[in-house]
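Chain IDs A, B, C and D follow the sequence of writing; residue 1 opens each chain.
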Amino acid sequence: MEKIKNIKDTSIEVLGECNIKSPLCSKKVNYLSPDERVIVYSRKEEFDYHLKTLGEIPMFEKAGPQEKIFFDPKETVCGIVTCGGLCPGLNDVIQAVSITALKLYKVKKVLGFMYGYKGISSKSKYPPIELTEDSVKDVGDLCGTILGTSRGPQDPDDMIDTLLQYGVNILFVIGGDGTLKGGMALANRIKERDLKISVIGIPKTIDNDICWTSRSFGFITAVGEARTAVNSAHAEARAAYNGVGIVKLMGRESGFIATHVTLASSNVNFCLIPEVDFELEGENGLLMQLEKRLLRKHHAVIVVAEGAGQKYFDKEKLGKDLSGNQKMGDIGLLLKEKIKEYLTKRGIDHTVKYIDPSYIIRNQLADPSDSEFCLVLGQNAVHAAMTGRTNMAVGIINEHFVYIPIKMMIGKKKQVREEGELWKTVIAVTGQ
Amino acid sequence: MEKIKNIKDTSIEVLGECNIKSPLCSKKVNYLSPDERVIVYSRKEEFDYHLKTLGEIPMFEKAGPQEKIFFDPKETVCGIVTCGGLCPGLNDVIQAVSITALKLYKVKKVLGFMYGYKGISSKSKYPPIELTEDSVKDVGDLCGTILGTSRGPQDPDDMIDTLLQYGVNILFVIGGDGTLKGGMALANRIKERDLKISVIGIPKTIDNDICWTSRSFGFITAVGEARTAVNSAHAEARAAYNGVGIVKLMGRESGFIATHVTLASSNVNFCLIPEVDFELEGENGLLMQLEKRLLRKHHAVIVVAEGAGQKYFDKEKLGKDLSGNQKMGDIGLLLKEKIKEYLTKRGIDHTVKYIDPSYIIRNQLADPSDSEFCLVLGQNAVHAAMTGRTNMAVGIINEHFVYIPIKMMIGKKKQVREEGELWKTVIAVTGQ
Amino acid sequence: MEKIKNIKDTSIEVLGECNIKSPLCSKKVNYLSPDERVIVYSRKEEFDYHLKTLGEIPMFEKAGPQEKIFFDPKETVCGIVTCGGLCPGLNDVIQAVSITALKLYKVKKVLGFMYGYKGISSKSKYPPIELTEDSVKDVGDLCGTILGTSRGPQDPDDMIDTLLQYGVNILFVIGGDGTLKGGMALANRIKERDLKISVIGIPKTIDNDICWTSRSFGFITAVGEARTAVNSAHAEARAAYNGVGIVKLMGRESGFIATHVTLASSNVNFCLIPEVDFELEGENGLLMQLEKRLLRKHHAVIVVAEGAGQKYFDKEKLGKDLSGNQKMGDIGLLLKEKIKEYLTKRGIDHTVKYIDPSYIIRNQLADPSDSEFCLVLGQNAVHAAMTGRTNMAVGIINEHFVYIPIKMMIGKKKQVREEGELWKTVIAVTGQ
Amino acid sequence: MEKIKNIKDTSIEVLGECNIKSPLCSKKVNYLSPDERVIVYSRKEEFDYHLKTLGEIPMFEKAGPQEKIFFDPKETVCGIVTCGGLCPGLNDVIQAVSITALKLYKVKKVLGFMYGYKGISSKSKYPPIELTEDSVKDVGDLCGTILGTSRGPQDPDDMIDTLLQYGVNILFVIGGDGTLKGGMALANRIKERDLKISVIGIPKTIDNDICWTSRSFGFITAVGEARTAVNSAHAEARAAYNGVGIVKLMGRESGFIATHVTLASSNVNFCLIPEVDFELEGENGLLMQLEKRLLRKHHAVIVVAEGAGQKYFDKEKLGKDLSGNQKMGDIGLLLKEKIKEYLTKRGIDHTVKYIDPSYIIRNQLADPSDSEFCLVLGQNAVHAAMTGRTNMAVGIINEHFVYIPIKMMIGKKKQVREEGELWKTVIAVTGQ
């Protein structure tokens, strides 16, 4: 948690009362009391601040299996959809949700909708595929997503019609900010139409920038592979006299991958992220700092998140993408050019190597810690769904999995705080 | 955190008042107030229970840099020693401590004592080596420990004499339960002799079984490599008609590696740990359950922690090791034999393959998440030491690094609770 | 090639004349002339020796597609069977054979017989599975063999009956010495019964000890993973004062893995293989040499092939296995005990760590160079089969794939020559 | 070997007679007769063709230690220099040469010249570093080159002066075509000045495009990492409806990496290399073929070597680089744009992802098979040098290491033959 915020209502929407006994073998499972909560702030100063400001201690519902459930498994059809960019662990989550629903809750069927929300549209040319224990058995060994993906929303009513057509009672939406917004719109419309369909979000952000969850699946794997790219940049830089290696990493609004890879490697000299402004020119500017570093050590590595330094681009020229988002300038290429120009002007013989490993990073297999995270995340998503919870997503906070209303997670990105410990540690390590 | 316990005094011993301004560049570092605390229990029921029982909320000191320090860097000599078995990340911690002390605090010198506590003994044949920024630069690329290691304690007074001889003001001891005990004895003796030498523990346990820290370095890397062994066992099992793969993993008293690899892999059918008793014979015994699994699927994988099933060995026959600890029987071999015997008796054609990957696991390089963990752990150990804290170790709880009195960490192992969520998740996944 | 031998008749048995035009698109494929040959000896002294002795230059048939084939694809059913121990690349070979037969030659069907030759027996409880382009698409991502495996021969006539029952015209047998013997017996019996079924061997030996092929699939991958184990042993050895790391590797009769890992790592001090006798005791014995090394460097790594030093075991006590082969003593354990005993007697404080990584090694995924090797190997096996060749196997010699009569490959193992370059290089590197 | 050529004089230049007994322990080493040769052509039709055309069988000198050497080890100083682009295994070669010279031949000293030929120039600001057994012990764990590198030649006389200044008798030059040319110029000038300095080339080409050696170090490792990128592209392609993944790989004049990764992966649908012309437009053009593939399978992977399709660029606009070489257009980007344009025009909804993994590929650690190759390569370079051979490089042909006059290796690149087996296998696998 990087930021102190006020939080108000953390209670989860439900479709109705839970009257059905859970099929999870009673002897072997510890059911969770529905009253279980996890305290959001474990740092005393945050805790005290909130207690004082709000008059209460903010808490989220703890995730886990409950004794009574809402949906009758033998009449329950689950749907799964993956949206947005690829991320390590997608197939692990699909596997975890499917196996938990089929093997533990013994639901009737699990359907995978193809190619994101498009696959739930009535215009979709590709029907959902049935996911069975056998068909998902080995999918953790494949990168990408076996369900395919796409970007952008679809009309809620149109999607609801498809869900009704296939008898889907529960829809798991795996995706980022936009996808969760779409999930919320869908859940809201379902409520308006008074239908009993649960929509459960499973937050996916390789940048780890979704609010109220301290970890998102695939992030740790991504940092791991980013380190490989940093090591390559370092070797390139070190092999040349005055060699500079630049690695551009994911992170449009949040620089968590860039900061964490800086801490996971001892080879980064400059870490640039969207949250912390920097100058190219001037005494404390990157170029002069880089020159000093080169004169001292004759090599340097720069890690830059893609959203950093956007002030150096003309937004109007860049234009907007199909979803209406501002396009971003390629900060890695700009740095490369500016650095070459500057060092040439300064008469310093040099080499600049630029690496953009994004597609390789996002197509790694989940490392074991992410695999386990995906498993428990998927299980808890199913536990939530079976009790009729809806319009919520699963997160982790203070080492406990929790349920969070989707509306709290969207619209605002979690960011690295310039004044926070994480960034200070980066400063301490790089000396930048 | 698997267990609710009463905790009493979490305050940290100090050598004296902090009167020296920290050399960490003031503009760029957020100093921590010495009053910062981290709440131990974030789960509401545990929180409430402790509030009720103790009348207070248990908290640990939050780790981090402070504005005033105790030791004058230019007169400070740090010592580092690594003890006990190897573990991924040892060299990363050595690097983090050295670089933080030298580059951030600008201490006079860092010495590495060789081969564990033996190297601090006056009888040691190998003098300490000086660790410099250059000499530790690439040690993260080497597995093992560049300082060597050994087991067993040394006489505190003898060690103090060595520390005095080399002018060491701060000693970082990296090791497990026994090592921390040795560190406490040393700190206590230092206090009795009224010396101003700080002893800071950095808990090392590949089994993740040290109390009051939810994570220990190298553990996640170990689970990762254990998964490779499980996948091998699974391939062996699947390739044979009625193939059984057994993987024995570390864990004398605690089965965290075995449980987590079970969750990180989808291929484990039976997970056996020291904390949960099991029977070989009888209706619910392992052998009959295994037979059922084989008849259904024709292959099975068993993961067993080395401390599991010790009731099947004659302790007296096994004897004790040099440190006086009860020796353990090889449960992996015993399972192999019992299973072969049983299946042969039952007329079931079978193959049993037994894998013991322990030495390969503990000699992996730290994965990126462990590298980062080691870095911040090492930094916080130095922050603690420079303020004159002593007789304490660094841990992590609720996502925050904290300081913990050594005496709280030793003597008792953290264990997997049979009734806890972790084990229940294992049961759900394996169906055992 | 380690050894000079006389070779006589290298011609390949055929089922009949090739009258059918190959379906491989004529424009794009270079057909091989049936007269293409590969010279076995490229070293001048060997070449000259054979020319003089035999009066001719020994050559093998060059592998590759030919314009005319024997089997009519649309009536051809292929069978595949994998026998013996696991080896990296098995699934890659299965994939290559299946895809080549189905997609290039457009044969009617490919069947996978389950669990080795047992699966071709009439007593088999598990019918063959059909292999399709889709079903083998991703099998290269799985270790082990999707067809299962077993050891031991079956009655040729019984197997022929099964082949006839399923209409199999071509059987690919993937396995080692015993498997190839079984294949030859089968091909001979087929000939006696005047049937038109081709039997093509694909030599599988993780030890790389099959004659007349300079490389076998999986071997390079195996050496790679063996290096990981050696690095672990090295880290263990270096971390202890007078630490000794022992790695036992595959190699019952031939020490190729042990020798090559010694060359691929710079950390091996003693390499022991079945082909080169060694003594434990005496001036030049291992124990005294080890002591000298420890006194000089305080750590040592020993790599030992499982078949080395068998003279130290009582063969009668060990007995024979089910196939009637002499069982082997565990040379790794023996070394561990003898070394501990010796060093204790000599009053040298020490630690000995013993690693047996065999099952992990043989369950690696094929590395890219092995994947490519498996692909071309499998393709050439199909090219051979379609032309009605039989009773032969595919090998590689002087960088060309060739066809070799099975009878030349069996009965005798390729070995490391004590006087050869390979072993001399080992001696030079280890200084042993 | 892809190509049949005439070769004439393969004899190696020497500095003088070998009169000194080699210090390699005589008992343990098999000395090579100076008459040992390796036959270049092992394929019968090539062999016969050359015998007929040349009237003799072309042979190279076999590499290996000889009984008599030219240089007196105790007066010998070796120099090593690495030039050009990075490549996996550079540090392994440096290690092999250094250890062989120091430990086996016991030469006086080994010097590493820094940053390529620049470091041998009298204008160099960075003196050579001494390489010792200790300093090169662990360099195989580092990627890049510890000696640094640069491009371009230096004045031979100037370099000779530096060599004389440091008393260097033997210079090992590790580099590609340009570097070897520089080495030849140096050796020729040394001869003119009647000096006794040996220049030995160690061919380095990640593209494997140097003539007369069937393998160059780092190539197999490069193909391995290229496969990772191809798998990423495949996952991206498969996740999108009509997804296209493009991977640009090294290979300005020769497409060996592209072709071999196509064979090592089963996921490539189109492989484009400089040697084989292709069209974008028209019935058989890439665009229409790609469309067909998409309509059939909805995803496709294209692998393209950087030198392919250069006809689509305006050479004059591209200009020349500092060394006077024609600059190349970015064929990967061009393909991306052309494909997007075409598919958009055709009304096909699609996604194109472009990956350029070059810097990550060339900074991998050598895989074990390359490590061993580097070791033996380096050893043979030293064996050659010590006997006074000069103006030659070490290669491998028909599985034997050989000595080749530098003049034979330069000026012309080894290429994939459109009519050869390798390319035909690619065609068979991709169906392109």
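Keep in mind that, in the parts below, contacts are C-beta pairs under 8 Å (C-beta built on N, C-alpha and C of every residue); 3 or more make two chains touch, one makes a residue touch a chain.
Bear in mind that the values here come from a model prediction, so they are computed numbers and not experimental data.
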Residue-number overlap at the chain B/chain C interface, same or different (half cut): same
Chain of greatest Cα-centre distance to chain D: B
Chain centre separation (chain B, chain D; CA means) in Å: 46
Centre distance in Å when chain B and chain C are each reduced to the mean of their C-alpha atoms: 41
Cα-centroid distance, chain C relative to chain D, in whole angstrom: 29
Multi-partner residues of chain A (at least 2 other chains): 142
Chain A residues within the chain B interface of the complex: 1, 24, 28-30, 33, 35-39, 41-45, 47, 59, 62, 64, 95, 99-100, 103-104, 137, 140, 214, 220, 223-224, 226-227, 260-261, 263-266, 367-369, 371-372, 375-376, 379, 397-400, 419-421, 424-425, 427-429, 431
Residues of chain D touching chain A in the complex: 86, 114-115, 118, 126, 142-145, 148-150, 228-229, 231-236, 238-241, 353, 355-357, 359-360, 362-363
Chain D-facing residues of chain B, complex: 138, 141-142
